[in-house]
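Heads up: the structure comes next, in structure tokens.
Letters are used for the chains, namely A, B, C, D and E, taken in the order the chains are written, and counting of residues starts over at 1 for each.
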């Protein structure tokens, strides 16, 4: 049997008008892509709050994709430019936190670009797979209960001996 | 794995175009309408593209079309599907040289190989060697004409007498061998 | 008033400023003393942990806990006081969201020890001694608390009833909170006691629509005294920081650095700053945008998470070195 | 109170069930997801039986939330919302998970597909529990309509509305309505004379009591929202008093200044400094062109003023402004013709006898510069041979990738006209002949019968470099006859370029002004390419005609009428419901930082100076959520896309990861320390 | 003063010696400093690409890398050298994988391509970097009355598409006007001369040469000016064979534009290599010093 391959979990935010429709199109056209990406529909890439991305990563996602209409083609005229700026800011901070660029991706996909979206998803999944699991919560999960218990025991012992 | 089709093979040879496929050709004929040498070709450039797409490998390789292409790039700049036709012609030349299949009696392939060998030997080109070595394989009439002109040009000081060389030839050869295996004689 | 309540105050990883802030309520401290018996306040009066351990559960009415959790001992104290107190208040930014001690989360224990016990110029440690959780001496084994890789907030260790934000909390707000507690007019458990809007609300500066072409550092400009600092290019966290301080910093021309923490309902302070600032950058060219951000905000963590890194969604930078040694040794 | 969620998983025949193990997923959802009261799978959820299933469960099981895992919400969200509504559940308490388009159709491995479907459903269930009941907002609709662009599309739309009894303002930026159609001689495929069918319509517009025709005007500013837009119109000075002018034309006759007409006559003819574009212009009022007028340029002349019998000339006239209130807007701004100079290989502008299609139209037109005679640039010589080149600037990645849709038919029309009016031989060089509408292929057949020649091949170049005998003093068209596989050089006297239709040069600006978007090329984007071709993403703004994409007159008219019908529908209902997916600022949390103020492209966000807080006008908000994501105080919430709902969805999507690492949330409760 | 890395190319060493000489003279006169690449190699004309694409890129990249070392833009007077260098530069800049591959080979010669510089054709340097105004100001012997057919050839313009004028260039005419000559319009000015076919497909090439000469002559050209040694050899040296083959009587001098410029700038004819022609450049005599 083949060795078990790491299957990253990626959350994707798709804007209702372009990229979600691109995903629809990829579906209708039966374009196969890797199943690792789980989609959330938002009205616009401009709705994507950096907190969503941080939340997904802190909950254990290995990567996050934000997809929207091409610059200049936003259904809300120009809101994807805001997404672009926030993405730039977020990436700047994520770098400082030690998260690789490939894990968070901004992807433009028009409603006609099912193929391109599928390609981008495949590419991202491959990149994240190559990086390995992010498993962010492990960064802070220290097992310290034993140490605290020992302090408690020590104190109990000390109390038993009358001062 | 399935063997790549002929059209895939040709697409893969178009490195700079990232294998820009010929699939988007709409067979409009702009290329052939443009081509200045089309009357000498046995198939028009458009047909060659159509034939590649139809995987008519033997017919394509047997054609003289790609050896007649003058690399004028006029078709390339005009193609409405942005296909680099001239580059495709190069790809066919390469393919046929590698596979040693091309129409009998064509001068082009011999010339190309000789030319490249010269450069790999010296780093620079040297017209007399080139002309003579290729002329062994072509007719006497051209030989006389070429010798006639060569002498004339030599008299005018326009033909080199000694072959030029570059200085760091060793480095150069090693560099080349990192890209393609050098033949023993070079 | 029939029976006096019992009050405990404790400090964990903190600077002591919060303790001073408590004293900042001035003569009102007497009213506090009227209402409460202070059973534990290590900073001010002698007391024994043991006596707390012996107390009945929930016998302390109010515990004001300041400081973040950096060591196992602090976590032990947090658990202990939790168990003994009816109402546990995360007092001040450190307990609330990690504050400056929480910025230690940009490094690992290993890196911190390396700096503190080896690399600083003033260190004289020829034998390279480092604190160890366990040391064998002739008398037996000596234990030291474990120094965590990751600083935690109080509520990451134990359940907390209320939060009092600020570095330190303003004395007026402390008094307001105490009054609320005394009068039993408390919000739902889990709430922050404070305003529900941000510093801009209290800031007297004039505001226009915001469009930022360039971020400036404080030493680069002498800000106009009337106009919003952010509009002058200074990264002012007043937009995202909970009101309560009276806009102390921006009023005197210094941009807000965010000590009062995020507004009600916000999950990540830094994200709010990032998104707000990025939204109003005045460019549509990705390279230009990158440049403005890179040059204007060289230290995004220090800028956006100065007080809240430990409480943020990601809590810390990726842990590359250090890790298991101490915890493993103690187990 | 916990919610009772119903989960419905659709097989979509085998579309979903063929890949996703729907039984397993339904069982899993029922057993593992919190608050799920009912979990079912069914063959076709969108069928009436499928919908009944939901309705029954809502009634009988008391469901408070519904999740349908089926196709894309773009397809059936409305269907399932309606089902909920029918059963008395607020429609916004329903959520779909797209397990067809995003799972079964795109995932190869059945197991992986089933896993992904579970995650998507977990996300939807988590989210739907936080949904809120929403009610659409109702606003009244002003019965006035603004139509921008007086081509055939705008004319049709205006007449439909006016005939139905509603007031229309028709704004046209040129001095006369009529658009491109007014320039033509005949129209394919029936070859009716363009003027014969257009002029009556134009005069109807001019005379209609319900139409207020505003020619030589431009829209300056637009604000407001569906039902009540406010529009500011700039009336450019005509220097002729419209009230006094009778259209006698004496001024035109007397004006001494003749200039090349680059607009209506596309450079083929001349006009006076005071003139109307063409004799049948509506309104029949001339306009002074200050750029060329002797008086405006040199301060002397005034011939027109002197001769005008009614004293209508007014050199002092200024631009003026008009403010209108309208309920709906129809944009019918049409197209521009591709600039053939961008393809120098065809010689336009260099080789005299290369004409553009529009030039040729003017030449054929009996009232045009040559009075309908087909002649070479010298104005007298009749061509003996003509080549028509198709796809000039169309179907060409170097210029416009799309097909311009009308030029094949126009080329056939031209072929017919040339052969009708001259003895010339006509050859069309084409890539494909596209004659897809009713009667079009028949027209092609007719031209074949009439003897027009066809060569399949895109022309490579047109040159005057003679090489072979017979080429001297001719234009040589070099082309591959692709059906024969040979290159041909065809010597001819005249070449006609079938230039592409392009979006108006200012289309993107106009789009921005009205808050609608354009395709990459610049065509106005419709709400749905198949199902809603005349509406746009902005409610109350409709599009019709060639502004939406290249099309012929029948299609243009249909769209004009369709847009008008849509507007009539809005007016007759009298009020319009606005999607409740809008953003709201919570005043008590807003600090008045003004970060959000610049962010809304629909100007929905205002700053209230007195309260020092920002405010969102729900009627203007389109619900994009950008401001919601931006507010640093988190004072803005977005209905149906709140942070909590999205967080919940993220948690659901990652259900399998979260349970794996025990870090459900950063805040952890611990057991008390033992005493 | 403007400085460029100069890549003369093999042809200029001998066949196109007069191009080299006149280039050196004219640039010097106009204050352009050409620094010859110290150990350049052949660009391979078009034939490399017949044999191996990567090899072709490698050889061109070696020259580019040497120019990068000096941090100078590369200028080539030969159209083939220019086109090969230009596209190698472009493709390598756009495709980091390709660049990595090529750099692996360049390591052997201690070179590295990083995409720092631009590649220009000599005529571009005159038209854009020096500027027509500057040239006009330096003309001491305007070539008044000399009817010149500017011959662009292929590869200055094609396959580059970012020139807005690939189909209808005018800059050669502008340059000729600037030195006082009279550029004659003739439709085939951008057509291929068949240069790369002359050895391999002579029949085709000769017919292309004939068409060009015919078109230039029909339109009244006294001389043809070229900007490429290949074109020059092709159009000039094969005239006799064209005459034999087609029974024509062409005798049109074909000179380098730099030679014409040199004369106009008052440089002695000898220094410009005038006199090395096979078809004597008699129409230039009145302007020669």
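The definition used in the following text is that a contact is a pair of C-beta atoms (placed from the backbone, for glycine too) under 8 Å apart; a residue touches a chain by one contact, two chains touch by 3 or more.
In this text, all values refer to a predicted model and were calculated from it rather than measured experimentally.
Under the touch definition stated at the top, subunit D and subunit E share these contacting partners: B.
Across the two candidate interfaces, C-D and A-D, the one carrying more C-beta contacts is A-D. Farthest from subunit A, judged by the mean position of CA atoms in each chain, is E. With centres defined by CA atoms alone, the chain at the far end from subunit D is C. Computed centre separation for the pair subunit A/subunit D is 35 angstrom, with centres defined by C-alpha atoms.
The geometric centre of subunit B is 49 Å away from that of subunit D, both derived from CA atoms. One simple way to say how far apart two chains are is to compare their mean CA positions; for subunit B and subunit E this gives 21 Å. Counting partner chains per residue, subunit A has residues 49, 51, 55, 58, 78, 82, 86, 138, 148, 152 touching two or more of them.
Multi-chain contact residues of subunit D (touching two or more other chains) are listed as 345, 398, 599, 626, 629-630, 643, 647, 666, 673. Per the contact rule defined earlier, chains pair up in contact as A-C, A-D, B-D, B-E, C-D, D-E. Against subunit A, in their complex, subunit D makes its touches with residues 72-74, 98, 100-103, 105-109, 112-113, 115-116, 119-120, 123, 512, 515, 517-520, 525, 537, 581, 599, 601-602, 622-626, 628-630, 638, 641, 643, 646-647, 649-651, 653-654, 656-658, 660-664, 666, 673-674. Contacts from subunit E toward subunit D in the complex involve residues 161, 165, 167-168, 186-188, 211, 214-215. On subunit A, the positions that touch subunit C within their shared complex are 49-51, 54-55, 57-58, 71, 78, 81-82, 84-86, 88-90, 92-93, 96-99, 136, 138-140, 142-144, 146-148, 150-152, 154-155, 158-159. Interface residues of subunit C facing subunit D in the complex, by the touch rule stated above, are 53, 57, 76, 79-80, 82-83, 155-159, 196-201, 207-211, 228, 230, 238-240, 243, 262-267, 272-273, 275-276, 279-280, 311, 313, 315.
Chain contact summary for the complex, subunit D toward subunit C: residues 588-599, 607, 612, 626, 629-635, 643, 647, 666-670, 672-673, 675.
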